[in-house]
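The following blocks contain the structures, represented as structure tokens.
Heads up, the next two complexes both have chain A, just with different partners, chain B and then chain C.
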Partner chain A sequence: MSARPDATPPLARLQPALTLLPGSAAWQQWRAATLAQLVTDGLPTPRDDAWKYTNLRLLERRELAPAAARPLAANALEGLPEAQGPRLVYVNGRFHAALSDRSLPDGLVQTSYRDLLDGAPPAAVTSPIDADQRIRQLNACMAADGAHLTLTAGSNPRLPLEIVHLHTGGGAYPRTRLELGANSSLALIEYQLGLGNADSFVAAVTDVVLDAGARLTHTTVQLAGDRTVMIDDAHAVVGRDARYAHRLVALGGQLVRFDLRVDLDGTGAQADLRGVLFADGTREQHIRTLLDHRVSHGTSDQLYRGVAGGRGRGSYDGKVIVRAGAAKTSSRQSSRNLLLSKEASIDTRPQLEINADDVKCAHGATTGTLDENMLFYLLTRGLDRETARALLTYAFVGDVLKSIEPEAVRRAIERRALGRLPAAATIREFIA
Partner chain B sequence: MSTTPQDLEELVGQKYRHGFVTDIDSDTVPPGLDEDVIRMISRKKGEPGFLLDWRLKSYRHWQTMREPHWAHLHYKPIDYQAISYYSAPKSNKDGPKSLADVDPKLLATYDKLGVPLHERARLAGVAVDAVFDSVSVATTFKERLSEAGVIFCPFSDAVRDHPALIEQYLGTIVPPGDNFYAALNSAVFTDGSFVYIPKGVRCPMELSTYFRINAANTGQFERTLIIADEGSHVSYLEGCTAPMRDENQLHAAVVELIALDNAKIKYSTVQNWYPGDENGVGGIYNFVTKRGECRGRNSHISWTQVETGSAITWKYPSCVLTGEGSVGEFYSVAVANHYQQADTGTKMIHVGRNTRSTIVSKGISAGHAHNTYRGLVKVLPTAEGARNYTQCDSLLMGDKCGAHTFPYVEVRNQTATVEHEATTSRIGEDQLFYLLQRGLSQEDAVNMIVNGFCKSVFKELPMEFAVEAQNLLAVSLEGSVG
Partner chain C sequence: MSNIHKGDVILQISGLTVKVQGRRILNGLNLTVRAGEVHAIMGPNGAGKSTLSQVLAGRADYEIVAGSAVYLGEDLLALAPEERARRGLFLGFQYPVEIPGVNNVYLLKAALNARRRQLGLQELDAFEFLAIVKDKMALMQMDESFLKRGVNEGFSGGEKKRNEILQMTVLEPTLAILDETDSGLDIDALKVVANGVNSLRTDNRAVVLVTHYQRLLDHIVPDHVHVLAAGRILKSGDRGLALELERRGYDWVLEEANAA
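Up next is the complex of A and B:
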């Protein structure tokens, strides 16, 4: 073996970091065994079907060990929209009390993932749902902290809860779990924010459980730094007549993948997923969704928009599974993608796997460039070409952006998205 | 929708029409595969040295390959050493010289199958090459075709008579190492059809090959090569049947199409291999590699398939659109009933400027069957202005079956426009009610709806086949609505 440090597989380099993590002997034992297995299996590659469009080659030379604590400037959160409710801040995966506002509303109980580390590793953490969830396993190995929140049955806090994940470089393994009691409802806004321009690796896991009749609007705003590789893995289990809505706005990062799995576990469960990815420059943005209709009368609706410019790459890989017996399922999936430059590319794979007959499932996917007729129309109205293109691009993602709530956050996100387009100032006049 | 269980059983019990065995003396090599078997096949066929080398190279490569398992299919592992790789009717040592020399039993077989081998062929205007187990037994209308300059003959004749063409084109579209089954086929293929349409010729009649597996424990590995020279036009039909047997038989074919400037190839398949019985016992494993290259400017390749047979179907007829302005089309109806499994679709690879492709796929699942559409549309950076439209619809009949759609869309050029649409549903109660209320029986109503569902594909089939396909569909699905 050569002596170069990068000749060691990146996961193997993590081994020394394990001993620094808090936790019982049982945890340490499980971690060591799991990491050893991960080292043997290696990182996922495009040869793995689920990772066909995501190449993690970048990680070969990246430091994955959890970042050491570092003092933060008071204005660290400046880049975010104004707080709409209580805010919990995690810096490189660890809770940061000074930046957080812990005045949680009645009914919302916060504990810490750290509490779990004293006992034996629970099955919910150790057993992945799919055989191939190596990044989720990696997170379970390395996570040392995270928000564990429970909303009691029937509670209905007025203000949204915000969780901010701040990344300053190095590895980060945030872990969030949210359980909603029966008939409760909540809006959760998660920010993934990169600070500075250091090389980062983030493997985030968010687990959400909705009891019967619960409602959650979960918004993920991804503003990772330009040198960040991030895999964000979210999993929602939706109970009877519960409703899970997810909004994704992916604007940042170097290579970012958002993996969302939704299990419709009770009859009449609903999922409403919308997202937009914006891969400009040399960014790579990937979205993967898996919607599992396990029982009857489920409804799911997915609407994803992708924009790639420069040498950006994007992908949408969505699968809908309807299990045998999941009658009266209704499922829609739409993926539309816009290519703005010669070297941009977007891959899509909208998949249906249907094992019941009394269902209505449809999906549609398109990839193309801006419609010449629409462009022409705007040009005849006196717009220059660049502005017209930017305006149409903005309109293209509008369907998704306008579904973001509350309004203050939506406006802030819209401004952010606009800022990424040429002629932003001119367009702002049109849509103000 | 209510059909009594008895009705269902009765109808599902419909026998596979082509499931007879022809008792014919055949020359079959013992099961097993090694280099000696390949040498023997090559020797039996009197092949030139380059072909034997090519076979051996393919075989050695095949040994390094692993069977693919990414498809949505479940089956017992195939024992490649338990298959006999060569079986030929023995009646005439040097092979039939003309139709008169063909064993009458064989002709009777084709009669039963409804292959218009004799006089009926003239009426139907179809030239037929019939492949029985591993060898081609008869080719009709040779003279009339050669007048037009068209070469249409068994593959082994082509190897003998036109070795230059074979050496130039064989394996250029589907190279031996392309995939596991293509490599196996390249090593052991025994016969098939060869078609060459010279420059500017419009083939005067439909060409057709009829494949039949007869002997037990054999696999069929045929290879078809069609070359359409500049400005030519050909329509080619392919049909397949096999006897009913309890064991699974392997069919691994390779089809290569080459269309040069302004040429058009229309390739239609009605695949009706034995699908196994209602408990999923027996049936053909159909692992087929079909690919065409639109090499010339404005060339056109169109695949139309009606897949009703086989226990397992693994088949992705593809188009590589290299020539500027070339067009690829794929129209498919795949029906899976009982325990059949189909994983089929297409690949459209856009390489040249202004290339266009259309995909229309209709999948019907009934009983315990699983039907998967798997398709790739890939637009390379060179394919300025490429255009694709894909539509896949699935119809489910019964709550034990499955319909799956796995499209891959990969776009590397911003001027391309790619659209994909898919729906999955069962027969609408309102449609059914409307037809019943007009006095149609349940079966007729379902047939009519299913035929309407498949219409956009059937209309692409040549007339004679369209009728056959409709009937086949009705037989395959009878009794599956309940």
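Up next is the complex of A and C:
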């Protein structure tokens, strides 16, 4: 495959699409200038340290312009677990009222990112949160819609809120923002679902703000299509004694990267991050986390498991920063990875930067193959090799999957994860 | 199974020679085990008792240089480990492996059903299976909470051994090879384990016990006692040999063999 030497860079091809986007003149100006800068800077490459393990060259030939609206079959959401609560559906980044169930609980207020497009671009969108802002800015340039949700202080809706991002091909730029008022709590389940097998590119941004004492359990279930390149950039700011829990199940996509930045911003803030990635076939699944302990008494816990088979590739690139003054920080970071074939690979880079005294930090990352002693033991009990391997593979990720709530979603996801393993049918009864 | 009768040859090992990492561990070992018999294999540390057990169960990291093992008329060494298990060969591990996340009772059910399929029997449903397991757990004096845990996960040394014997009593193997199942057991547990083994002493089965201690043989009285040393069965005898070994150690057996 030789790229056309005269090919227009993919970002430059986006320029005509800007004029089709809704928004004020101020927005259009900002978008044009920002995109021009992005065209100059280009997409991230593995030469950029933060992108060491993720190569976006697939995008050279991909259509990045937002997909035109298309009619959807009534059963478009069939691939999802049963809804556990109100569900907001976005198709290629745009709200789809007919598929959505907007009976939001008391205390949860939904506005739209669209509302922001009438004024000038707000600081929340334009001001940098990281040294390398390119994907965020790309999203900000192209996003035309997105859920903006605010939960009032003290509210504790019983049911989870679900946001479904459905991708049918072409570019999509979903933008989600969720603010939890003091001492409120919520479970948010986000699905990234691919429909059909068209080439897709998704650059998603999710911003979360937790006020003092707020608690959010944020689950991302990534079921993107086999020809989807997706970068999911999430940022959580966690206030005093607030708790942010994130669960990632990365099953789909062609090349998917989940970037999660968590700022522990108030004393006693907590982050509890767990995730599983499955890079089977030729899939690439990448996780990058940045945990910023800014003040004292923060707790962070990361537990990631990766499985790569076939020619699958994956990575865990996780950094914990403990700032000066963030005394009494407690931080744990664990990434364990399993390779099921010789051609599969998973890179890991756990990093720890400590600038404070009196902190407890533990980190580690391993990549290995199935344990031969365990395998032999199962064989001597009469299990065939394929079942034994699948069982051990499943057991490897089982403890992380167990942390998914509610139970109905967990079971549905366990079934899907199982479906990815050889001999799924025979091992199903083991987790009954 | 039912067509095996007392005295039929279950296992015949001839001239078995095995290398590990280029080193010869077993060197022309012969052993015949018949239905209805209990054999005890004793021998110094590092003599190759576990090597023999693992080779018979089908572990791949051993290089079989020469010899044969015939199990119920089939070339045992040509069978995959799972095929051996399904044909009724059971290995009780010296060091049972912990497998977190794989449920103990589901493994046992899968193991039993794999065996039953081989025998042309119907697979058991969960209800029938649990009835059997609970019965055997009572025999092994194991709390039912062990069923819900991961395979050997967090089990104490003695609990792991009990779990091995529980599996054995559920699977009802034709040939059980128990590698130091008595090590690490307290006196009461030793009796429980011995009960489990004795419950399988029938005319159509056989048991090979690897042990260092004559004590076990008070509870499971063997028909034959062998000394494995220098890569072979150097000496065989009856129960009396075990008592003599307990008194005199192994040196005299080696000296006797050298003199011969």
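Everything that follows uses one rule, which is that the second predicted complex is superposed on the first by the 426 of 432 C-alpha atoms of A that agree within 3 Å, B and C clash if a C-alpha of one lies under 4 Å from a C-alpha of the other, contacts with A are read in each partner's own complex, and residues count from 1 in each chain.
Keep this in mind: a contact is a pair of C-beta atoms (placed from the backbone, for glycine too) under 8 Å apart; a residue touches a chain by one contact, two chains touch by 3 or more.
All values reported here derive from a predicted model rather than from experimental measurement.
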{"item": "Partner chain(s) touched by A:373 [first = chain B, second = chain C, both, neither]", "value": "second"}
{"item": "Touch count on chain A, higher of chain B and chain C", "value": "B"}
{"item": "A:382 touches, of chain B and chain C: first, second, both or neither?", "value": "second"}
{"item": "Partner chain(s) touched by A:82 [first = chain B, second = chain C, both, neither]", "value": "neither"}
{"item": "Contacts of A:407 with chain B and chain C, given as first, second, both or neither", "value": "neither"}
{"item": "First, second, both or neither for A:106, with chain B first and chain C second", "value": "neither"}
{"item": "Partner chain in contact with A:363 - chain B first, chain C second, else both or neither", "value": "first"}
{"item": "Touched partner set for A:399, first chain B, second chain C, both or neither", "value": "second"}
{"item": "Doubly contacted chain A residues - partners chain C and chain B", "value": "none"}
{"item": "Parts of chain A lying in touch with chain C, wherever the complex brings them together", "value": "371-374, 376-385, 387-388, 391-392, 394-396, 398-399, 426, 429-432"}
{"item": "Chain A contact footprint on chain C (complex, rising order)", "value": "57-61, 80-82, 84-86, 90-91, 93, 96-97, 99-103, 106-111, 114-115, 118, 150-151, 167, 171"}
{"item": "Touching residues on chain A, where the partner in the complex is chain B", "value": "49, 324-325, 327, 337, 339-369"}
{"item": "Chain A-facing residues of chain B, complex", "value": "70, 72, 381, 394, 396-426"}
